[in-house]
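Got a structure for you, questions after.
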Amino acid sequence: MASKTGRAKKAKAESPASTRLLATRLATIAREFHARRWALGTSGNYSVVLQRDPLQLLITSSGLDKSALSPNDFLDIDPDAGVIRGKGKPSAEAFLHLAVARNTHAGCILHTHSVWNTLLSERHANISGLAIAGYEMLKGLQGVTTHVHREWIPILENSQDVPALAEKVSSLLQRESSLHGFLLSGHGLYTWGTDIAEARRHVEILEFLLEVVGRREFSGAVASFD
Amino acid sequence: MASKTGRAKKAKAESPASTRLLATRLATIAREFHARRWALGTSGNYSVVLQRDPLQLLITSSGLDKSALSPNDFLDIDPDAGVIRGKGKPSAEAFLHLAVARNTHAGCILHTHSVWNTLLSERHANISGLAIAGYEMLKGLQGVTTHVHREWIPILENSQDVPALAEKVSSLLQRESSLHGFLLSGHGLYTWGTDIAEARRHVEILEFLLEVVGRREFSGAVASFD
Amino acid sequence: MASKTGRAKKAKAESPASTRLLATRLATIAREFHARRWALGTSGNYSVVLQRDPLQLLITSSGLDKSALSPNDFLDIDPDAGVIRGKGKPSAEAFLHLAVARNTHAGCILHTHSVWNTLLSERHANISGLAIAGYEMLKGLQGVTTHVHREWIPILENSQDVPALAEKVSSLLQRESSLHGFLLSGHGLYTWGTDIAEARRHVEILEFLLEVVGRREFSGAVASFD
Amino acid sequence: MASKTGRAKKAKAESPASTRLLATRLATIAREFHARRWALGTSGNYSVVLQRDPLQLLITSSGLDKSALSPNDFLDIDPDAGVIRGKGKPSAEAFLHLAVARNTHAGCILHTHSVWNTLLSERHANISGLAIAGYEMLKGLQGVTTHVHREWIPILENSQDVPALAEKVSSLLQRESSLHGFLLSGHGLYTWGTDIAEARRHVEILEFLLEVVGRREFSGAVASFD
């Protein structure tokens, strides 16, 4: 199951001994993202790939206040989102994290709900995506080496049927292998990286670019601008 | 008087011994909300239900700088807003807190004056409310389990006759039992929760959603958007 | 000279012993206002009335970085802006502070350059002022007891001839005795209070209200709104 | 090479002993600018002129997370961007820093990627620059003594051919000697000062002014405003 796409590797697997450290780093990111208004209330969830075969994720427990997350608020889950270690239950969106982990080289997956990603995910839902092109900041995305780049961020329709949504995420990622993230309409952003630092940087870069596009598109100055 | 709606319960009553702790937690929230620009100057006020029958609230004293609130800046009041314990006088808006406490299951009531809640409370005053629908973030409101939800936030006309306004709040809450908050036009937001953590989360969620709606509606991009 | 308007009083005079404490409090406010983006770079200046007859002010030295102001960065000046104590030279705008001190009950005078006060001071310069009405937050201004209040904030044309500008400020304050502040076009806000706490609160309240009005007026949604 | 324009001076040269201190100050600025959202992810780079003849710069290493920069993350480079001391490789944009150092009196050069400088660098790219006039805040720029000043900020087309872009920067700075900064389209702002404090102040002033202009131009209220 973990090798569905052929891209999954044993790489990124983490020894149990380091799990606590990873939870500490994710908890720090969770509190930072809350302070930066990217994941308020109980929104947002975060995971790290602990092992590839079989797939094992460290992921935020469900329903916790993201301003006060601690290293104890993470669980180890198996490929079916069953709890291997830790208390509480995994986020309902664990299936989306598993789908991303299976279909990319991600070592870390981060999900945010910012004002600008919410607004743009709604505004562009009818064309199922958003293109961002021409900005130097795009070079902050792994593998992008020039501002002459068009980053396509697909938008999937939000749904409470998370397993079905996870299937759509898997299809999307198998179809388009160069993505750095996707949006769920009226919901938020998923992005990832080969490790925690790269995933966190992708959130910063994409949230910046979405704010730039958002301020431009929601400005009433679009007509004279384009 | 405390059992007007039949929903009031002895539950939430707090022992005097824990009152100091509650005041400490509310003071922390007050300073946090000031820092987040939700209650500047002397605006904003905060209460906890100490006892249900007869009703007793712990509430902010009137006229204090919310950036420097301490646990000593709270009073115990009776159902007529008379001071039971503490110095200073209760906020003029104590009657609104009492009305919310009587007519909901609230254990904590929080009132904020943000830029976006002010702008939207004014813009939608003529239709006496604002509907927010379709956002995943709505699930941060107690009892909401899907983004396919329409949250109605009523807007009452602001008034300096607080007892009369409190009567309108009571009528509103008896008429519409599924509300999570309401706005006073040109004034601010009232929301609540069964405990302090839930009330604080409701502020975060509603302020986020009001910012999303506010940025969309005050963008000049509404026409092309809808 | 200090009793020009008849409103000046010996009141507010501070003993030399307390001057250091006042400088410490103003320096704290200066750093706070910098952090809140109300006075970046070397912009902004702050004073306290030390003595009424003859008039003596404690005021920021000229040209200092407001993110790092210390209690040593203040001077005592006489009614002609001559230095009584301290090193450095007073801000060129000392004459404006003196004009406010002479013509109001101010014990503390604060001047900020925010994005929103700059934008509105420019937009409304042609009608020489800005009215703000109907907001509960107006009650944070000294003497205002209801949201049914129209606060007029005059706008004077900016000038580098500060003594001449100070004359215009004096005339304005003698003509309109109920003001809480005024704007200089493309420049910033002057406000004051009977003490430091009231003046600081007036900055918070006016900056909040200017942001509300600014977001509304610069939204492209004005037509459908009014 | 370092004396191309005749304006370069031995002045500003720093003894090796003080290099560590300069790196510490630049690292502090880097973390501050990240926190202020002026240089997210790995964007932004910063340099100090260590020596004029031959030219020697202390500059940020390439590709580092700007939220966690330390004094070890800087290199000494020669006039061809070769590393004299330190590990890692210099930013690709080192050639732009060298071009600014050669053609101005700069002792420190700072480069930021903010939302507003990105938006305006794109919007005004077709006329190759942006004029800002009439604001008191302009006086925060070195040598400007009145708000009756028109600051021209040229915009160069962004390019990944940095040496060629550096040639254009040199030509620009030789042609227009009174500039305080320039923009690269869709990329960001370069500004400088005779020392670190002045360069940092120029970033604050220019970012403030770009926000003012940006909020006005992207407001949908332009027509009624002008």
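Here the chain labels run A, B, C and D in written order, and each chain numbers its own residues starting at 1.
The criterion applied here is as follows: a contact is a pair of C-beta atoms (placed from the backbone, for glycine too) under 8 Å apart; a residue touches a chain by one contact, two chains touch by 3 or more.
Bear in mind the structure is a predicted one, so any value in this text is a computation, not a measurement.
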Touching chain B and chain C alike are A, D
How big is the rotation relating chain A to chain B when the fit is done on Cα atoms? Please round to the nearest 5 degrees.
90
B-D, A-C or A-B - pair sharing over half of the B-C contact pairs:
A-B
Same residues or different residues where chain A meets chain D? The copies count as same if more than half of the interface numbers are shared.
different
From the C-alpha centres, identify the chain that is farthest from chain B.
D
Centre-to-centre distance between chain D and chain C (centres being mean Cα positions), rounded to whole Å
33
Mean-CA-position distance for chain D and chain B (Å):
47
Contacts with two or more other chains, residues of chain D listed in rising order
219-221
Based on which chains touch which, is the overall arrangement a line, ring, star, complete graph, or other?
complete
Which residues of chain A touch chain D once you look at their complex with the stated criterion?
134-137, 140, 145-148, 197, 201, 204-205, 208, 211-212, 215-216, 219-221, 224-225
Hey, which residues of chain A end up touching chain C in the complex?
219-221
Contacting residues of chain B [partner chain C, same complex]:
37, 40-43, 65, 113, 115, 118-119, 122-123, 158, 160, 184, 186-188, 214, 217-222
